[in-house]
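Naming follows writing order (A, B, C and D), and every chain is counted from residue 1.
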Amino acid sequence: MQTMVQESWEAFVNLAKGLGITLKQMLVKPVTVQYPEERVIWPDRTRGRLVMPRDPQTQAHRCTACMMCERICPNGSIEITTRANEAGKRILDDYIFHLERCTFCGLCVETCAFDALRMSHAHEIAVRDRSQLVLHLQQENQVFNDAWRGGLPAKKDS
Amino acid sequence: MSTVSLESLRQAFPQAAVEEAGGFGPAVILTSVQELPAAVQRLQALKSQALDVCEDYTALEEGDNYILVLHLVASADVTARVTLKAPVAKATAEAPSLTPWYGIANWYEREVFDMYGIRFVGHPDLRRILLPEDWVGHPLRKDYSDDKLLKRPGA
Amino acid sequence: MSTEISSIGALETASMNTEEVTLNMGPQHPSTHGALRLILRLDGERVVSAQPDFGYVHRGMEKMGETLTYPQYIFLSDRIDYLASFFNEWGYCLAAEKLGQVEVPRRADYLRVIVSELMRVTSHLIWLGAMGMDLGAFTPLTYTFREREMVLDLFEALCGQRMTFNYMRIGGVSRDLPAGFVDKAKAFLKYFEKMPDVYDALLSKNPIFIARMKNVGTMPTDMARSFAVTGPNLRGSGTALDLRQSEPYSVYPDFKFQVITRPEGDSLARYQVRVEEMRQSAAIIAQALDGIPEGDIMSKVPRVFKPPKGEAYARVESCRGIQGFYLVSDGSTKPTRCRIRVPSFANLAVMPTLLKGVHVADVVAIMGSLDFIVPEIDR
Amino acid sequence: MNYIFDPAAAFAWCLEQLRTLATLVHLPVMAGEWVGSFLVMIGLFTVCSVIVMILVYGERKIAAHMQSRLGPMRVGWHGLLQVIADVIKLMLKESFVPAAADNWIFRAAPYVVFIPGFMALIAIPMDRGVIPAHVNMGLLYILAVGTPGVIGILMAGWSSGNKYSLLGGMRSAAQMISYEVPLVMSVLGVIMLAGSLDLAAIVEAQKVPYIIYQPLAFIIFLIASVAETNRNPFDIPEAESELTAGFHTEYGGVRFAYFFLAEYVNMFVLSAAAVTLFLGGWKGPFLPGWVWYFAKTFGILFLFMWFRWTFPRLRSDQLMDLGWKVLTPLAFLNLIVTGLVLVLLK
């Protein structure tokens, strides 16, 4: 009888403790971030969509069409076509990036020996049509700078 | 550290090839598929280190054979481990079921059947487990082909 | 229900026409945690037999392992068990390193331990919240997710992603710690220290919760062994099998921690093991953060990784049990066989046995306490 | 005249105006009364809907803040219009009947669940003299009228043609029948103290709130009413994680809205009953009676919500155990002690 009363009392106390926690939580500011208006700051290394950064002055990209990224990509989301330039050297013709197949693993950036690729912070990349997901990176002539969606993360460790 | 010694295994399996292995346990026991249940029985009877846990049961393909690969562990002594291998001829693709010895063998054998098409004789409920019932073929066989599935885009 | 009532029921069923009902639980059901289908035969509220049906998320991971090169597969291994990505990566890398006899620098090993233990904490947090939700307590879920987000922030700062990290490499890790990581991680640990008390008050000590979990789904040790159950489920049945201690891989011998076991084997025991394990993991992380050695994070690995002919089976203690990778190499850049031994497969295999004769309401309690991830089972 | 402090007078005045209006348009005086009753009903339904809207919004906000979330924030200031948006959405939705359903029972069930709750509401005094319908056996009336709701749930569970619904309906029936007993038993002590079944008289009889004399009965009443309204920790009939949504799995649109309405109206009725029986009804210093009445009722409703967002759910057999093996004997004990004390004091 005594243990029963004691157990019931303990159960009651523990129930009350749980109630106390939820009540206390009501007085604390919620952690919700109201997304489109409020935004979190992405860390430097956040991997968003692939971009080919260009030199702000010369507008030149650094891709030499060595095909390493195409070879390492596990999903085949990179397709590179090449042509010979006037000097007969192989240069980049078209850098086709299939965003719909990309898993943002970042192997292409890691394997690039010429620092020609970066994963930007761009994450709002929904489009209305699948064909818009096939991108030609060498044709994008925006100069990526810090003003553009949180800037371009450094490749090497900060 | 007390693992199953090679000598004791060689004594227990006079006919089977017992080789030292760097991989999983101290030894790989190669036995014929007919003797598989007997081998398992003997391994389970090893004193104090009865290998009674079937940690993994799978198969692989090598030449004309599928090889059943069992990774066995002793429940009393986790360092006691053995890899058990038994080749199954591709032509017959039949093996005795180990369901009486290991509870988990039921599902593992279903998986091997699903992926390699090896039929386990004596299995109570040999159905596909991961793939749909009406799937054609056994995908982990090297000669399995399904253009739609295996073509890597861009590659 | 009491015995008197059920005996009256038995009397009446003699004259009444009763039948068993087949209840199809899933593949879309709130508490099957993914696309798992349970075919339940019910006698009233009692389960007569349960037959899991899965494979809805089968992606052919083992087949893909044969078509991807060793470094390429790591990103995919993240997706085997998406709540324990680091363990999958680690297991795969360990197996590949064994094949190619690659040494891992100590610093890289420390980083691996830190992220993996953090991963264990997040995985257990999700499980804890989901467990509460299965039993009708929705609030703990939001709390545990709040804490998990903090860890994911750490992961994102480290490797740029929140769930599919692609962080480890054969022979090390891809990125060194970012500035401020250690402090942030320590701040999290400090914050996390008092959280288990909150969960205790909401769940562990709540009499309703205890009533729902105690003596439900009791799994004796020999049953667990027969089904090759590993991880917290096995430790809840009284067996102290934890690869981190019984055969330490990587740098685990450096750390002091306890292997938590409970002898009862019921859902409550499995629950308690996991809650305690979170504390132990926090202890390991704290030790590792203090002891990170200087040095490289990658050893010299050829750009084209071609291990010699042979095979390797490597296992890690993931949050759900023993995660094993069995790789067979023929000397080329791709393995000829990539077998993934997933803990959830075995943990689910025991379920039909556990579910015999329990209440429908207990099905979710048992399922929750076994903590399986369906995509991991399906691979 | 201060109608805020004396809504009874306001009520009487309105009725008087209606009578006058009736005579003006050469109708019998009784017609005024009929129109009056009709208007009272419409008014009560409106009050009912408004209360439910407040409750739904309140519950969502309370739940959210207990869970470190914000809850509805988009529609209107801090999501105030969210409920209205939801109601419009529910009304515009197609309300279909599943092919396997028992058509007419399926259609009728939501109303069978809702009407008893609504009917019980009319007998509860909101202020001195403000009772939509003064029934002199009011307590008996609300207990009796509140019960048939379970039939509706059973109908919904049966007719949906869904096994989850059926399980939910069966559980619900078992649960509600079991918890009627302690509920009624706990009220008996109050009746003995007040010596009346008239709710207004019970309130008037409370010099101090009866919770002081009958704390055990109050707790039993509270627990039983949580169970009666099928709310967590006793929400096994609609247990989301096992039975998806129990008896209203197959419902959508307006019919679902009625289930929703019924749940909250029932909650309100039982809270109002608890306030009337144990907390002194409309009585309270300074403020007008109806303010006290609503304040106390919403206080109890907050308790309901607080429980729901804190506790896990019991299993059906444990629920039965609690009802029959704990609450019912305790209620009997309370009854005996109350009786003995009353006899001894006499």
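By our rule, contacts are C-beta pairs under 8 Å (C-beta built on N, C-alpha and C of every residue); 3 or more make two chains touch, one makes a residue touch a chain.
Please read all numbers here as calculations on a predicted model, not as lab measurements.
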item	value
Chain ID, smallest distance between chain and overall C-alpha centroids	C
From chain A, the most remote chain by mean C-alpha position	D
Euclidean distance of C-alpha centroids - chain B vs chain C, Å	24
Geometric centre distance via CA averages, chain D-chain B, whole Å	63
Cα-centroid distance, chain C relative to chain D, in whole angstrom	44
Whole-Å separation of chain centres (CA-atom averages), chain A against chain B	41
Where chain D touches two or more other chains, by residue	66-69, 309-311
Touching two or more other chains - residue numbers and ranges from chain A	15, 18, 21-22, 25, 31
Set of chain B residues in contact with two or more other chains	152
Complex contact set, residues of chain C against chain A	68, 71-73, 75-76, 139, 143, 146, 149, 153, 156-161, 164, 166, 174-176, 178-179, 198, 201-202, 205-208
In the complex, chain A residues that touch chain C	11, 14-15, 17-18, 20-22, 25, 31, 42-47, 72, 74, 103-107, 110, 119, 153, 157-158
Chain B-facing residues of chain C, complex	54-55, 58, 60, 62-63, 67, 98, 221, 223, 225-228, 230, 239, 241, 243, 246-247, 310-313, 322, 324, 326, 328, 336-337, 339, 341, 345-346, 349-350, 353, 378-379
Parts of chain D lying in touch with chain C, wherever the complex brings them together	63, 66-69, 163-164, 167, 171, 232-233, 235-236, 239-244, 309-318, 320
Of all residues in chain C, those that touch chain D in their complex	1, 21, 23, 29-31, 45, 132-139, 141-143, 146, 202-203, 206, 208-209, 211-212, 359-364
